[in-house]
Each structure stands twice: as structure tokens, then as C-alpha cells.
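What follows is a set of notes on a single structure, which appears directly below.
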């Protein structure tokens, strides 16, 4: 069952076409990897899915009941708040029940390894801490669809491993995840399916089972490295 | 969210209704009260101000924003402003001569501007940026109303005289005088005139001393002489005529202002008018004050002078000089007899 | 929306600029009201309760308006620049709710700044034993808060679309024109033609802070209150707040 469908998405900024007729869908419980070079239109696509920017053409269909969590590439929080206050603030915006929200906040702080820093002001957080907090706030309200934009950015090696483990756990709980990352090995480890975007268009897609023998990196270079070349090794899922 | 939207809309409707209702209120209550205070002086007190002067004889148009409220014969009518700008004046509108005044709140604002520029920028700024801004007193406003009513009376009774005066070219004379008045000798003579006049007006003698009056008149003539020396005989005569005309029209109106303050039992305001005699004011305003001062002297020296003044080719200064001669010839006895 | 308002309020009152300007204002107030500042106006020394009150009210009015502009100037632009908007809007908060809440938060913070300055006036009043003036002073403060909220809301609205420095300049222009509204209106009445039309249009848009100040003054001296200027100002505030429902930056 499809939880998200994008049909012929177009986004123009003046004369520049950031996204030019992108179509894809995401099945419920699937982890979809987004790959593409800088400026391919990945973040713009994510913004259109989230409703932060209106598509110039095409449409995005999401099940109405779907709760969405989003972890941005560069997380920004109000610098005068503490980590705990940030989560509390966003839980209020989501109108979460106060009694249910507090234990959830405690759990998320523990999950993201920020329990010791919960009373520290955001302006004193490191990049890695901010990334963890971004992940934590994305999980508020137990969302059905998670959109993670470079979730391992700024994390050290241990942090990356922990993050990927968390994402795997979420996947095993049946969460649908859209995972955007530059680190191909991360995508290869957890994504059920990966789509390649270049110049705002879908250049190709491959499922995990179809990789057999070929690394995602090789496929990526083949698909995206030469402009306009279709990938002969990838098979497209109907 | 629905509740918020409903409450928000209700608040908007209530505010709009409140503004609409308050806008329909018409003439501010304050101005209505002030007009009624002015009319109340017609219980006989206006006779002591000027014979035949009555504010209710003329439509009084009080201007607020782009609306004029015309008070006449017990009714208040709204109309679009007749004059293109805010003004305190008397002017024909339709068949009648109207008295035009801004509403009290506008006068307060005008007063602040004038006072601010005269008393210094610090006071002005504090006045504007503070909530405690200076205002014109109610009695002062009523006195001004009567000042303009006096002009209405002048217009209605002495139209021919005023028409003749209007052809005069006073703007050229004012320009000429403004140039000449920077001369230090003229400034000194003006100062002497003001001080002499003030001393005469505030003196406690029932009839001011004739010699003092002659000294005052002599100073005036000396001033004119200096004008003549600088500008020539013809121009000098024009200046003299200009001064006489201004004293006749504006001096009498300023006198009416001061007497209104007395009729309202506002001795403090009256004293302010008297104090202003000492000041050497710029431009034509000094003749408003000198005219007022001469009228006050004539009250003591020549009862019934008001009936003789207009339409007989007399000037205030001329009447004063004549009164001084009469005084010399036992005019005090005449005064006492006249009561 | 309340969470957003509270968050904005908390952020604004923690701003360093607010503390600097606020403390300077309070120090000036305390110096003047305790007579330790040698205050002269047009060369005349000012001392004593009655002459000091208008001076104190001038300073409070000026500093609190300056604070209202400074507090409201960067709230909304900051939200867009540091992209804190993203994590708010994805949570089902509509753009109009967001802008309205930020504006309301600015207004609350501005009023808070104003109240903190009026504290020194209340201390000054109590120190002179004029306890009976407390009630009219509170009413006066309540009325003056209309001006503060109006200025804050106007600056907040402008900051949605305009660059910060232009918003700041416009905010100060609105304040000065609003305070001189009565005087400018009177002066406009003495002109004719196109200049008059232009002046009337500008004065229609700019809130009449002077009329509200006049009513606050009436309350202080136990004179009758004219509700019309207050209702007009509140209606203008309502219109500005309503505009926050429809004005938004296209790209977040």
C-alpha cells in the first residue's frame, strides 16, 4: 500500500527548474533512499512533500491520517531553549497530550543520548548533538512517515552507527522512512529501495535485492556520473 | 481554532461598530459646551465687551477634520468645509457672515505648534512625546471665539470701510516693514512704546495721566519718522495708515478678547493679555496688542468711544490723542459725570 | 498558537539589546526622578514632582517605543533565516497562525518592556507620597499599551516582507509621525492641493499615537475620556493583526 506518491513534480525558481517532472512512490513500511549529486533537487523534493514549498507542477499525495516526522539537514532550534525545552515546545505545537508527552520526551532524550545535556542551552550544543536532537524531535508523536535529511551529518563514527541502528529499529517497527544521504554506504545498509535524482529528474532506481554483486557506489557513478546515461544494470520495479 | 476565529470576528465587528457609532456622534461635546459658554455671555455681559456684539447673531462654523459643524439658531448642521484651509476668521458664506474656528482639539494642536516654536524645541518635543501636553484653556478659546465674532460684526456693519481697506496692498507694506524693523533704532522705539503703553494700562489712576499719553503718542510719531527717513515720505505714510488700520480692526478684536476674559471672571487670563503689552512681538501682531492697549485706555478716558470709532474716519491713536486733550481740559470731570 | 506566543515572548525578553536599552532607560529615569540628574529644559532647571511627571512620561514613552521597534524588528526574519519555520510548519501549524502568533508574542514582549519602565515612575510617585495617583497611573499605562502594541504589530507586519534595516527605519518614522499626528494633521489642514491629498493619505495610514496619549493624559488628571481615539487605534491594531493572516514569505 502506497503511503506517499509524487506525480510529475515540477519546481521552478524563476527561470531555474530545480525539479523537472519527478515521479515516485513510497510503500508503507519501506525505507527509500534518495541519492543524487549536490543541486539535484533532493531537498526541494523533500520540501514539496512536507508542504513547505508549493510545487509549480504535479502533485504530492499523502494519506491524510499519516503522521510525518522530519529531521532537517541543518537543524536550527531557538538558541535560548534547552534540549528538553525544545522537545517540549514541539510536542505542544503538535498538541500532544501533556501527560503522554513527558515520558516520551524522556525516552527520546535517552534514545538520542542527550539525557546528560537536556538542561544545556542549544547555543552550547555541538553539531552532533543538534543532529541527535533533530532526530529526537522528528520522533515526537510516533510518526508513521519519517523523512530524514542527512541524519548522520556531523556525527562521529560511533554516532553514525548508533543512528543507523536506530533507523533499522524503526524500520523493524514498520515505520516508513525516506532517507537522504551523501554517504552511499549508509543508504546501502538500510534502504530497501534507492532512487537516483539528477537535474531534478528520476535517473534510475534499484531495490536492495537487485544490487547483487554491484555496489551502490558503482551504480551511482554509472547512473549519475555521466549525464543522461540510463543504468543498464538496474531493473525497475513495476 | 473555530472558537478563536468566531471570537476574532466578533471582536472585529464590535470594534468597527464602536468606531462607527463614535464617528456619528457629531460635534464633540466639549466644543458644544464652549459655544454655550460663549452664548451665555449674552445675558448682558457682552454689552460691557462691545455694544451690539452677540455670538448668536452669526453662524459659527467649528471645523474638525473635513467637517464643519455650524451652530446657529439653536441647531447644529454638518457641512463640508467652506474654506480650503483651517483658519480662525470671519467670512461671508452664502448670505451671511460666518465665524470660522477650528474645534478646541485642533486649536490645542495649533497652540502647541506655535508655543513649541516660540518657547524652544525641548519644550515642544517633551510636549509631543509626553502625554502631558499643553492645551489652550477653555476661556481662552471662548475669548478667541469672540475675537472672530468681532470681525464678523466689523464685516457686517462696516463693509464699505473694509472693502476700501482691502484694496490697499498691505502685503507690500508688510514686506517693507519687515525689512525696516531690523533697524536697532526702530527696535528700541518699539520697546519704549510697549513699556509706556503697558505702564499706562496697568496704572491705578482712574484717568491715565495726559502727559504720559502724549509721551506715548510722541514715541509712536518718532517711530514713524524713522520709517519715513528710511523709506521716504510716501512709504512712511503708507506704513502709518497700515498701523492705524491694523489697530482698528485687529486691535479692537484683541480688546474684545481681553474683555471676554474679564466677563468670564478669568483674571489670570486677563492678566496674560495685559502682560503681552510689554512684549515687542514680531510683525503685525504688535499692532494687535497696541490697539488693544489703546482701547483699554479709551475705556477709562472716553466712555462711549466705541460708538464713535468705526465709520467716522477716526483712528485709535487719534481718539487717544483727542481723549488726552479732553483730559487736559478737565476730562476727568466729564468722565466722573458720565459715570 | 499559545506555545508559539510564549516562545517568542521568552526569546524577545532575553535579547541582549533589550537589556541594554531597557537598563539605560531605567537608569535615566531613576537619575531624573531622584533629582540626581541635573535636568534643564530651555535653560531652566526642572525639579519637583509636578514638573518631573511630563519629563518622566516623555522618556518612558520614547524608550518603550524604541524597545517595541527593536523587539519586534527581527523576530520574524530570524525565524525564516535560521529555518526554525520548517519544524513549525510541518506540524500542522498554518502560516497565518504562525505569523499571528509571532506578532502577538512581539506585542506581549513590547508591553512587558514598557511596564518595566513604568515601574520606576510608580516608585517615583510612591516616593513623593502620591499613592492616590496609582489608580490613574495604572489606567494611563493600560491606555499607553495600545500605542506600544500598535507599533510592535506594525513593525512585525513590515518585517515579514521587508529587509530589517528598512523595517527599522519605517518603524521609527511611523512612531514619530504617530506622535506628531495631531500637529501634522493640523498643519495638513493649512495646505491645499496634491500636498494635502498626500498628507491626508499618510495620516490616515499612520496610527494616531498623539490622540491615545491625550486620553492617557485625561485619565491621569481625572478628565473625561473620549473613547473614539482608543477605538480607532484598536481597530487599526485589529487590521494589522488581520493582515498577518494573509502576508507570508513565499519560500521558507
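Every chain is named by a letter (A, B and C) in the order it is written, and numbering of its residues begins at 1.
The rule is simple: contacts are C-beta pairs under 8 Å (C-beta built on N, C-alpha and C of every residue); 3 or more make two chains touch, one makes a residue touch a chain.
It should be emphasised that the depicted structure is a prediction, and the values quoted were computed from it without experimental measurement.
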Chain occupying the most central position, where position means C-alpha average: C
Selected interface, A-C versus B-C, where C-beta contact pairs are more numerous: B-C
Chain centre separation in whole Å, for subunit B relative to subunit A (CA means): 81
Inter-chain centre distance, subunit B versus subunit C - centres from mean C-alpha coordinates, in Å: 40
Distance from subunit C to subunit A - Cα centre to Cα centre, in angstrom: 43
Shared interface positions of subunit A, touching two or more other chains: none
Contact footprint of subunit B on subunit C as seen in their complex: 1, 41-42, 53-55, 57-58, 61-62, 97, 140, 144, 179-180, 182-183, 185-187, 189-192, 210, 213-214, 216-217, 220, 226-228, 231-232, 234-235, 238, 242
Parts of subunit B lying in touch with subunit C, wherever the complex brings them together: 1, 4, 11-12, 15-16, 18-19, 22-23, 25, 28, 63, 65, 84-87, 102, 105-106, 108-110, 112-113, 119-120, 122-123, 125-133
Residue numbers on subunit C that touch subunit A, as the complex places them: 3-4, 7, 10-11, 14, 82-93, 251-252
Subunit A - residues contacting subunit C, complex: 47, 50-53, 68, 70, 72, 74-78, 80-81, 89-90, 92-94, 137
